[in-house]
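There's a structure below that I have some questions on.
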Amino acid sequence: MPNSDTSADRMARELFDEMARWPIFDPHTHINPRRPAARHFDEILGYHYYTELAHSAGMPVERVSAELDPDTRVANLVEYLDRIDSTVQYAWLLEIARTFHRFPHARITPGTIAGLLDRADHRRDGADWDREVWNSSNLEAVFLTNEFDDSLDGWDTAAYIPCLRTDDLVLKLNEPNTTARLRAALDADVNDLASLRAAIGRLFERFVDRGARACAISLPPDFAPRRASSGQASTSIRKAIHGMDLRPDERDEVRCAVFWMLAEFCAEFRLPFDLMIGPVRNVYPGGVAGGRDLFDRRVSLHDYREVFNHFGNVTFPVSTLAPDAAAELVAYAWIFPNVLPMGHWWYANVPAFIATDLRARLQALPKVKLVGYYSDAYKLEFIAPKFNMYRRILAEVLVDEAIRGRGWPVDQALQLAKLILIDNPKRIFGAVRPRSPVGI
Amino acid sequence: MPNSDTSADRMARELFDEMARWPIFDPHTHINPRRPAARHFDEILGYHYYTELAHSAGMPVERVSAELDPDTRVANLVEYLDRIDSTVQYAWLLEIARTFHRFPHARITPGTIAGLLDRADHRRDGADWDREVWNSSNLEAVFLTNEFDDSLDGWDTAAYIPCLRTDDLVLKLNEPNTTARLRAALDADVNDLASLRAAIGRLFERFVDRGARACAISLPPDFAPRRASSGQASTSIRKAIHGMDLRPDERDEVRCAVFWMLAEFCAEFRLPFDLMIGPVRNVYPGGVAGGRDLFDRRVSLHDYREVFNHFGNVTFPVSTLAPDAAAELVAYAWIFPNVLPMGHWWYANVPAFIATDLRARLQALPKVKLVGYYSDAYKLEFIAPKFNMYRRILAEVLVDEAIRGRGWPVDQALQLAKLILIDNPKRIFGAVRPRSPVGI
Amino acid sequence: MPNSDTSADRMARELFDEMARWPIFDPHTHINPRRPAARHFDEILGYHYYTELAHSAGMPVERVSAELDPDTRVANLVEYLDRIDSTVQYAWLLEIARTFHRFPHARITPGTIAGLLDRADHRRDGADWDREVWNSSNLEAVFLTNEFDDSLDGWDTAAYIPCLRTDDLVLKLNEPNTTARLRAALDADVNDLASLRAAIGRLFERFVDRGARACAISLPPDFAPRRASSGQASTSIRKAIHGMDLRPDERDEVRCAVFWMLAEFCAEFRLPFDLMIGPVRNVYPGGVAGGRDLFDRRVSLHDYREVFNHFGNVTFPVSTLAPDAAAELVAYAWIFPNVLPMGHWWYANVPAFIATDLRARLQALPKVKLVGYYSDAYKLEFIAPKFNMYRRILAEVLVDEAIRGRGWPVDQALQLAKLILIDNPKRIFGAVRPRSPVGI
């Protein structure tokens, strides 16, 4: 059997090795800053990618019930890991086991899990373990996903950067719990459009005061933002706040009006507004926790033209969930100064999809607008393996496109990689008063 | 001119050579089990891929009329073969000519066709030729496409496995011929919902008794299955059975009700339900036989959420016709335990589309759910060349992803190939009483 | 650092070097035949790809205002070029600077622009420079985009081939200017359906007399051509011609009726009808000139089935704007003899998209139907760099698919390249009385 190693492979590995030394700036995660690293391996294996893939491969949902103790849950899930061990998600898992826990085996199996559980048990180490993972991953900053009523207390917001997540305000305003949480968070009354606007303004103030660098929202395929006429919206919003039944058009009006209001505050507070377009929630209610959402691929950014035009001074880093919608995002980011192609998200976070998409972004978009990657991680340990996956793809694409294709020297390719991985996201999310949507 | 052969090429060829020795388990074809191999080369060249491509390249439809004698039809078509000799479909043809008929030339032309016709003339060999093709192709089992009124007699159903095709029941119940065929097949009356259900139940019994391993249907893009309320469906179905005019909503109700009923019987009889989503029939009525159907790419599996949820214990091997819909199928097969990505179908059965799709499936899906390929063939001779096309792509993708990308040893890559090509389809379609949709 | 050069790379370069010696037949451009080459570098840098990408990267629109003098405009734009210097569009620019102007530097910057402006100043050379660019690019024929009221005088129509562009007739008939232009162009009255038909007939005569080889139109995603009933269309068209307000259904009827009429004249005059499907105009009104249009990806050629069927003797070279719609075009060109896959257009004219699409076209379509590429250029200088981009991709794909994949000798691969690049477009657009849509 011949050696499979080509010179292009070797060059890609050199590029990767260099990138792997760089710090990581991660502009979107679901890390809990009060408990960022996993203290039990169940917090790693419990990631929805593993539970949902194991379930998809035949594991009953009950085997990973939240009511089980962590050791049992791990033991149950491990029985199914061999069914998913060819996936890229499993590759992240193995990299975590090997890197952070010096796992010596080639596979995580019922026979090798006990030792791994021991090695990965950091329940007594507390914050020391968080720091160790942070340092060995060479993390520089990690963006959070904070519910609007998060107190934002108890962590270093220069490392764990707050980010205002607004799904509930836009999509669930008519659920009583939302208004109750809003009132409790602000100790203020919220009765109508005016008091809602005042409340949301105070949320933005609080978040920005605590160092928030982005507002974010995930939006379903049937959402098409438009400027609602304030007279009508006023009535619908009052009905929503008071939990009254809404007609479909009123429900849509509420979503549009609150979304528009958020964009206005993003303009006022100079916050990028991350749009994560596509998910339909609870498509498969019988699934494991976190493994029930899917999408309808029939979406278009054309539905967002009015908001992109109206808010020319708001930066919109956009993620799309349907992998086949990626090419449209390239075109919209090509034309609209305030639309930026953001990471590779969830069902599109698969090397085959990333490689094609990344290639097109590199070929057709201003390099200052490329926001390479975000981990979407729930635990610190996942950040480095996910970024490494992306760095490997980036290295291969740069060898193909830049070095072989255009004769660039290696240094030039690495400079571009650094721009995409670090400089752009830091500038775009960091600049408090940018002169333009790209932050320059 | 340098040698184009790289070490990755050589390794891919070694993987392919090994796979080419394996038996073929083909879970979807249109083979006629009473006359499976081609006894005249016209049965090869008459495959719609050649007649439609030749017509697309300028050949008048009349040149391949069914009324012509086979030699004339072949002579007519061969005049146009040079216009399509760069296609992958032509590559299958050439492989057939060389492998089965020891065709010595590089091209099939008006000058070389006479010899090929002689070599491929097996009209006197009858079943001997069928056996020779079967053996030299190393076929293990071939799934059929049987109309519901097929008698299922006259062949070895362990080799040629029956499969209940149900398009007519769902899409053409209101055509008088359908009910007449149903009555004739069962020697029973079919007047209303209840007697229709009874009749379909008997069809399932008959098929399962004869070894059927799947129910299959192709569905147009405008079909969105939902549970029809039985009261309404009852009226619409009675109207359909009696050939009365149906309003569009009634027509849709009939389709939904019969489809739902079929899924219920799949659950009861533990048959996988192959969904082949996308074709619009007769888009180009002026085309050659078999070359008139196309699709509307605006489809989404989101339309199937209700059926996937309701029939959690029915296995749905899904094929999508629009190549750009492939990524969505990856996501749905990732989340729903009962949704499996099935082969690469028709307009999507093109190496460029297969390679991207296969890569994503390998990277993101449980390996036990991957059903590699089916030939969709009408004659036995096509099975091996089509499978070889897929095996070549699989070999290249495995070298890239597994061997070069993850450092897997060759044996591990071959084990995965075997799972995808043989073990999974055998288990998924073979298990009579599976414990879960993946058959484990 | 190892050498990145593989034998496949070397072979692709040899194929490219050969293709680069061939003449260019460019079946779609926006060249002004009265002033085809750029006499000032502003005419190069003013191409919408540069102004829109620079604007997208942060440049205010005013910096490239038409009211500025050319030197200032260039100086302004050059400040932003470093933000887009990783794009393929920038690679065209650099190739122009190096090839036509012997630009000695690696980058076009504020520091190097002055020398380039001098070298590229051909204001005194007039038509000599046009000829030099024509000859050094080895151009054979360049198709134009002529408004219907173009006088078609003043150039060699064997080199610069007229092409009747019909967007305004179909999409803007109800704007007073359109009818006024039509009346002025023909010195005839246009009042109703009959006189409109007579006028359009005379346009076709004039264009064909002057050597026109195609009729072309770009169509928005919401356009679905159908045969309008002539009674109704007659009223709507009269209203449109007289500038009266149209209801949406009337507006659509006018579009359909005029489009259908154009197709009838294409049949009568045997002109290919280029369909460029997808753009939505003015999605971003705040953009630079030429950089305001985008698309809605939710389109399907299924909407064109009636016109493809009805006009079986009209050749439709089709371009689609949404890159993800490319696979559907492969299927439609596979089935319909009169549908041809045309070039790679605008937002789809990106190597990552071209490569996948080209691979599928080569694998699945009759080789006589492949119309490789068109430049869409506004200035002659862009034709060679854009064709070179395509030739490089074609060379790589042919090495992969034909030489490595199927063992073709190099000559056979080059013959296929020549068919795609030259022979097919010349035959398809050149034949005055073709026997079939593919011109054979």
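Think of it as A, B and C in the order they're written, each chain with its own count starting at 1.
The rule is simple: contacts are C-beta pairs under 8 Å (C-beta built on N, C-alpha and C of every residue); 3 or more make two chains touch, one makes a residue touch a chain.
Because the structure is predicted, anything quoted here is derived from the model rather than measured.
Look at the contact of chain A with chain C and you find different residues on each copy: under half of the numbers used there are shared. Relative orientation of chain A with respect to chain B corresponds to a rotation of 120°, obtained by superposing CA atoms and rounded to a multiple of 5. One finds 38 Å separating the Cα centroids of chain A and chain C.
Chain contacts: chain C has residues 6, 298, 324, 356 touching two or more partner chains. Of all residues in chain B, those touching chain A in their complex are 6-8, 10-11, 14, 298, 300-302, 305, 308-309, 312, 324-325, 327-328, 330-337, 356, 359-360, 362-369, 399, 402-404, 406, 410, 416, 435-438, 440.
Within the complex, the chain B residues that touch chain C are 1-6, 9, 52-58, 83-89, 91, 280, 283-287, 291-298, 322-324, 347-348, 350-353, 356.
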